[in-house]
Amino acid sequence: MKQQRSEIVTGDRRITEVTDRCAAFAAEQGGDGLLHVFLPHATAGLALVETGAGSDDDLAAHLDELLPRDDRWRHRHGSPGHGADHVLPALVSPSLTVPVDAGRLALGTWQSIVIVDTNADNRTRTLRLSFLAG
Amino acid sequence: MKQQRSEIVTGDRRITEVTDRCAAFAAEQGGDGLLHVFLPHATAGLALVETGAGSDDDLAAHLDELLPRDDRWRHRHGSPGHGADHVLPALVSPSLTVPVDAGRLALGTWQSIVIVDTNADNRTRTLRLSFLAG
Amino acid sequence: MKQQRSEIVTGDRRITEVTDRCAAFAAEQGGDGLLHVFLPHATAGLALVETGAGSDDDLAAHLDELLPRDDRWRHRHGSPGHGADHVLPALVSPSLTVPVDAGRLALGTWQSIVIVDTNADNRTRTLRLSFLAG
């Protein structure tokens, strides 16, 4: 199994696209298989969404509706509302699998792989890619 | 890795069961392994839920609570409220993996594999199945 | 593909940690690969979250906000509000994949694997682990 571990600077961005990095890794493998994408973090997730036509901003904004950054959370570390970040990965999982055809990600036209990261206190994330040849 | 790509007519249905199709594909492979199910679409997801006792309707109805079809969305293409469809796959992922025992899906008694598709503008979906022999 | 099926007593707990069990199974395999974790149940899911600093309680409590246990549900079996349990797995999937490095789960420092189970009527769950060697 080929693996790659890389550091992604998410900074203040709540949605960070990593499609190109995943595609480059898949291309290096060259065959059919499954690409597993993983974040070893407890306050971030991965999603397959359209980017660039407003939906990435919609997702970031709507997460504040679904997981309000107020004082309801028992987890009290970090910035106010940070407890919400710890519930996020139950809804937006940090584990994602994508088929690969001859080294190409089999994504739909409008699908991008993004890191969803509402935790501005953590500005760098580790992305783990694993390729299982078919 | 054996793969199958098929077209599923979802039409107006928000929940479309594809368990039989997945089971037939797994049966053709015949051994132990993992079945990966994938939708190459940015406005649909996959879920494992009970069907036929109201829960599929509950899921479809409740998604309108979680992702209201109003004018809050920045994504402005398509029908009113269509921006909600683009946030859906972050919560209901289009990627799902199911164990296979000797060609049989290892689903629980009440688990069905369904396409969750709130986007009535897109009436046909591509379903991608991949089998990784164990 | 090595597999293990075990019974987990969840009882009244809404969040039940299974990291140690998953880690022990991965250690028995000893190499690199992917661990697939699966629940053959229609009213439970799996999540990767921090435990022990309030976030597990936050998740359990917040699921009642996202999926209220009232009379809105068409699914009418079981306890009042049980329809919510059947929508849960669409948001918190019962399927999860984790990379394994030389027999060790490649989890982040604060990530634990938990069963999310809001259905107190079902006090025992089957956990299925599958290891795909890389």
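Descriptive notes on the structure:
Going in written order, the chains are labelled A, B and C, and every chain counts its residues from 1.
The working rule: a residue touches a chain if its C-beta (ideal position, glycine included) is under 8 Å from a C-beta of that chain, and two chains touch if they have at least 3 such contacts.
Small disclaimer: the values here were computed from a predicted structure and weren't measured.
Contacts between chains leave no pair untouched here, as each chain touches all the others. It takes 120 degrees of rotation, in steps of 5, to superpose the Cα atoms of subunit B onto those of subunit C. Comparing the residue numbers each copy contributes, subunit A and subunit C share less than half of them at their mutual interface. If you average the Cα atoms of subunit A and of subunit C, the two centres end up 20 Å apart. Touching of two or more other chains is recorded for residues 66, 91, 93, 97, 132 of subunit C. Within the complex formed with subunit A, the subunit B residues making contact are 1-3, 36, 38-43, 66-67, 72-77, 83, 86-87, 89-91, 93-95, 97, 126, 128, 130, 132.
Residue ranges of subunit C in contact with subunit A, taken from their complex: 32-34, 45, 47-50, 53-55, 57-59, 61-62, 66, 91-93, 96-99, 101, 106-111, 116, 132-134.
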